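This is the structure I have questions about; it appears just below.
Read from first to last, the chains carry the letters A, B, C and D; within each, the first residue is number 1.
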Amino acid sequence: MIRRLRWWLIAIAVMCVLPLFVPLGFPVSVIRLLVMGSYLAIFAMSWDMMSGHTGYISFGHPFLIGLAGYVTAFLSHQEGFQPPHIVLPLAVTLPLGVAAAVGGGMLFFFPSMRVRGPYFALVSLAFMEILHRLIIAVRPEFTGGDRGLPNLPSVVMGAIPNYYLSLGLMFATAIGLWYVSRSNVGNVLKAIRMDEDVVEASGISTYRFKRFAFLLSAVTAGLGGVFYTHYLASINPRRAFSAILLLDIIISAVIGGMGTIVGPMFGGYFLTFILEYLRPYLFGQWRLLAYALVAIFMVIYKPKGFYGIAQDVASWFQTRKRRSAQYGY
Amino acid sequence: MATKLIEIKGLTKKFGGLVAVNDFSFHVEKGEALGLMGPNGSGKTTVFNLVMGDLKPDSGEIIFEGKDITNYPTYQRVKAGIARTYQVPRPFQELPVIEDIQMSTIPDSIMGSFRGRAMPLEKVAKIGEDVGLKEHLSMYPRELTMGDLRRVELAKALATNPKIVLLDEIFAGLTVAEIGELDTLLQQRRKKGLNFIVVSHDLKALAPLVDRVVVIHFGEFIAEGPFDKIVNDERVKAAYFG
Amino acid sequence: MEQILIQGALLSGLYALIAMGFTMIFGVGRVLNLAHAGYVMVAGYSYFWATYMMGLPIVAGFAIAIAVSTGLAVGTYLGWVRRFLNDPTIVFVSTFIFALILEHVMTLAFFRENINVPPIVVGMTQVMGCPVSNNLVAAVIASWACIGAVLFFVRKTHMGRAMRALAMDRRGAIISGINPDMVNLTTWAISGALAGVAGVFWGSYTFLVPSLWVLPLIMSFAIVVIGGLGSIEGTLAAAHIVGFMETATVLAINDKLRSVPGLVIMIIVLLARPKGLFGR
Amino acid sequence: MKKKGLQKLGVLISVVLALAIVLPLAGGCTAGAPAPEEPWKCGYIGALATDVGRSSQRTTQIAIDEINAAGGLLGRQIEYVEADSTEEPLEGVKAYEYLAEHHKVDFIVSGCIDDVSLGWMPRLLEYKIPTLDTWTSAIRCIEIVHDDYEAGGKAYFMPHMNDYDQGAEYVAFANDLLAAEMGWDTMVLYYEDTAYGCGVAEWVRDEIGPGAGIETLGEVCYDIGTFDFTPVYSKIVAYDPDFIFHICSVNCVPPSAAYVEMEIPIPIFGVNVAACSAEFWDDMGGMAGGFNATMPPPTIGLEWDPVSQALIDKYKARWTDRPIFPHFNGFNAYQGIYHMVEAAERAGGFEPLDKWVKEMEKTDQILWRYGGHERRDDLSPTGQDIKWQYYMYYGPDHDYTHSCVLDQTGEHGRPGGMVMQWKLEKQDPLEATVGIIHPERWRNTEFVFVPWIPEEKRIQK
């Protein structure tokens, strides 16, 4: 077990000691970026669990994240849950937010899995758009309308505590999902992406496995969503259901390598960094344009993402003989 | 009745206005190998899809070992003991052969899969070797010939530990030598008690393999009986050549 | 009530025009081109640039808008979509990013402020006591003309028959000597030209803003899914269902819920009858 | 062969990307802590693809250049850095963090819209960086400043009126012009569904009856995504009011264009932010004639005080692309930066925050019509200079903490509105051809009705 986890342990160790260098001049801005990166990595991995593994491309992941965020936000914000003005402690609202993501996902997304391919993407996008509209239109005094709910309580304050919080969440999510992905369950899910009928014909209930993948995805999206909302300490519909967040999630997963967990995790950090890295050099819209161009280039020329590149590199050193040796045949 | 392994009664399937299978009935005795014959487009594959549950019949029932499985989803039929191969092989493109075969042995439960109750690779390799894939186990599907792909299909079907295997056009596109090998292999399996339904329009390859033949034409039952008798049947000739 | 009928009919005509190009590409190539609404947006800007900023006549504005959107569509197809026709996910994601790229480029060129396109036909008419803009009526007449032309093309010409053949049975069509690449290219070009016409009218009906593509895209989704992806007749019918529902919602309930009824119908249709109301 | 090539490409890409991530880390490390002789840093955050964003971005640059040319702040130069919020709340938070953490800026000027500002407010409370918000007037921001004053809200200043103050201004305008001069007494409140629209509408709704004696026949609220205004105007026409009171800030062109295209036979007044922009004529596709807008004093179509005129000259000399003329938030940003810098000069820097805030709250600036910063009665044709603009920030005891009193009468009473109107024909293709129609003392053009308003709907008095 330790042997299989050794790379994770090294990564955790490296990430954990980073803040110790802050007094020595390590920039806090990088710590902040890593927090943002961690949350994007969580969302990308969550997306990957559902879409990268099973091939049901979700265009509505912000639905889950936003739902979780909104539930915890309007239960915990200063003016309280209107009209009785009850302000619940975070310890209560956070689990409720996750539960909302799971419940919403199971009620709305999961039945949509009856349709495949682009259809599923459309349905999930439609759910996101409907929730967006409802939050603006129905009882705006309850959801804050399009102004949103500002000034939410924070779980922890400051860059470094938030860094450890997000890192803990990220690694818990990553190792958990990675473990699932590496297990037979992960293999079945990837096989579902390749050919769902054949998996059925192997005597496996794809429904059962998809539901499990979906549950994991919703739980992690909800977890990420509630902590992310309280980290940003405000929520509004344009941010929660923005095409930018949706695209960030999908692109991180795609350029990282779909169906690999490690890839999307890397993709999340990469995207956060590349966007910030470009900021001083490219003015405003040029930066977003450059980012979109990089993304489309990656999607077209390297559909397998960084993970695929890494595999290519590895295969330089690994001939087919070595590959057979791996299986003993 | 106990001798009937699988029984199909009055199966009907329509695609829009087209009646693909019309009131079609047949059965397979225990220990029997059945040939399902018919010209191209006569509905053979549709019958397989109906038996496997890939399609839902408009009417009719499918009874397996005395149980009505008409409303079972595909995976439950597989668990009950029916397996199939596809006319056009459908391997998992991103998996090496051995993992592809192992996929069929993964238990249908989340917790079970975590505990690694899939068949160990050595045993999977044995199944692969049995169908003659010894050298190909670590290859990817894109590196294999059509004959090998059909073997993979067969190995995958056998790995589910079935009582009956539905072989869809298993000889199509193979060389004579390959057909011979596959034939031998299937014969061996039969001796161990495995049942087959073989779909083929290649009469020669069918001949040594099957005990009995059912002929389907435009989705309708035409004739049944031993192979020799069938090939001389007027209606069958009419269906094939007329 | 009269207003719902009139407005609904007019809105539906425009929706049908936008959704038409979208559905043709899916019908023939089995891929979804999410950049389609991006072409609509760029065409609107091209028309505004040509007619208002350059002072060219309206006809030239139309020609430029159609040329630009057709060029974009053909460029998308030849650029990369052609290589990924068997991988809808990549087409899906990459065209979505491409639409975003178009938005960024337009933002850089024209900024993010709303721009009003002067109406092509000025004035208002009272129909059954409701004010109706002549411009919108002209837009809808033009839409129907374009739709009619496309229907004629698809049914009566050789290339149109090849498109239908390819949509119905890909392998069969290829065996009978149809060059799928050429047919696909033609489809993309026609779809781009439709987006061009739609862009001019949509722009003059609403206003120009670089994020203009989002709403037409979502509504096109809903329409083509309800009508059955790839079915032109279905698209026409569904455009009217969505158009009327939307107008009714805006007028009777809350204009913030504008896109909701269409999406709800889409979800219901998808789950109950995934092929759409008119899909084969 | 081809595969090998691809693999090489892959390795190349990964190396480049790895460098791309590592390099900024290394760069950040070498930056180190700022030495005392290093320049002050001013961060600008706003949407750089919008007119309002660019207005304040550019006037911020002008102000800083001027201050630097005059020797800087306490002998140190000011360095300008910017971060684009792209009008996305999430990007806004990232941009704010970037300014605060990466550049460690000393103060921030913002040109963000409401929900973006509300998005980074929690970061403001955390970093406590002096921030000047030049665009949003959201009362929610002011509420946060008021409620969390000690927690860090005090670092926030708004150099213009908040929603409610603006609402009061519009009520006053309705009283002065519409009720008193025109003799109208019924209206429809027509506003966009945004934080700003609802905020101002709330005030106008409560005050316009008692304040101006105008009866509100009905209210029409529309979504900013609305693209067909036919039903909206149908509803309004059905009420048959004397005039329409329109409040919009985000999407003003579509409803205005629909008003012209439909030839609505009812005069329209109110807040129309787009109409205050010099590009309004072109954005409307040439249909802007007759539009009017109520707005704070620094506006197009006016003769300027020397300070503002100098700013405009510098602006026009430096930039020729859109917006060719700064929006009013540009003027606020320019003045606001001077307030901040002068307060810092008095307080000896931006640290400690309390001291700076105290000094900032003491800001008490009058801009004279003829003399600029000084009263110059001799330059005035009437022999008496006029108080043109009055800047004073409400203190922590006031409900509107740190938003600004912009009172051009200078009497500390209610602020008065100023109304500009676009001429029916645009005369100069480069210059905005607009005039001021209200208040009386700055009127330089006569109010005209658009031709399709029927005679009986015009002035009733």
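Keep in mind that, in the parts below, a residue touches a chain if its C-beta (ideal position, glycine included) is under 8 Å from a C-beta of that chain, and two chains touch if they have at least 3 such contacts.
Computed from a predicted structure; not experimentally measured.
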Graph separation of chain B and chain C (steps between touching chains): 2
Centre-most chain, if every chain is reduced to its averaged C-alpha atoms: A
Among all chain pairs, the one with the most C-beta contacts: A-D
Averaged-CA centre spacing for the pair chain B and chain A, given as whole angstrom: 42
Gap in Å, rounded to a whole number, between the CA centres of chain C and chain A: 32
Distance from the mean Cα position of chain D to that of chain A, given in whole angstrom: 37
Whole-Å gap separating chain B and chain D, where each centre is the average of the chain's CA atoms: 74
For chain D, residues contacting two or more additional chains: 47, 49, 193
Per-residue multi-chain contacts in chain C, two or more chains: 107-108, 256, 258
Contacts with two or more other chains, residues of chain A listed in rising order: 285, 288
Pairwise chain contacts, counting only pairs that touch as defined: A-B, A-C, A-D, C-D
Interface residues, chain A side, partner chain D - complex: 25-30, 32, 36, 145-148, 150-152, 154, 157-159, 232-234, 236, 238-239, 242, 244-245, 269-270, 273-277, 279, 283-285, 287-288, 301-302, 306, 308-310, 312-313, 315-316
Of chain C, residues touching chain A in the complex: 32, 80, 84, 87-90, 92-94, 96-98, 100-101, 104-105, 107-108, 214, 218, 221-222, 225, 254, 256-260, 263-264, 266-267, 270-271, 274
Of chain B, residues touching chain A in the complex: 52-54, 73-76, 78-79, 83-84, 86, 90, 92-96, 98-99, 103-104, 106, 108-110, 113-114, 116, 118, 121-122, 125, 134, 137-138, 156, 159-160
Interfacial residue positions of chain A with respect to chain C in the complex: 55, 57, 111-112, 114-115, 117-119, 121-123, 125-127, 129-130, 133-134, 136-137, 243, 247, 250-251, 254, 285-286, 288-289, 292-293, 295-296, 299-300, 303
Chain C-touching residues of chain D, taken from the complex the two chains share: 47, 49-51, 87, 193, 222-223, 225-228, 230-234, 251-254, 256-257, 261-263, 274, 277, 279, 282-287, 322
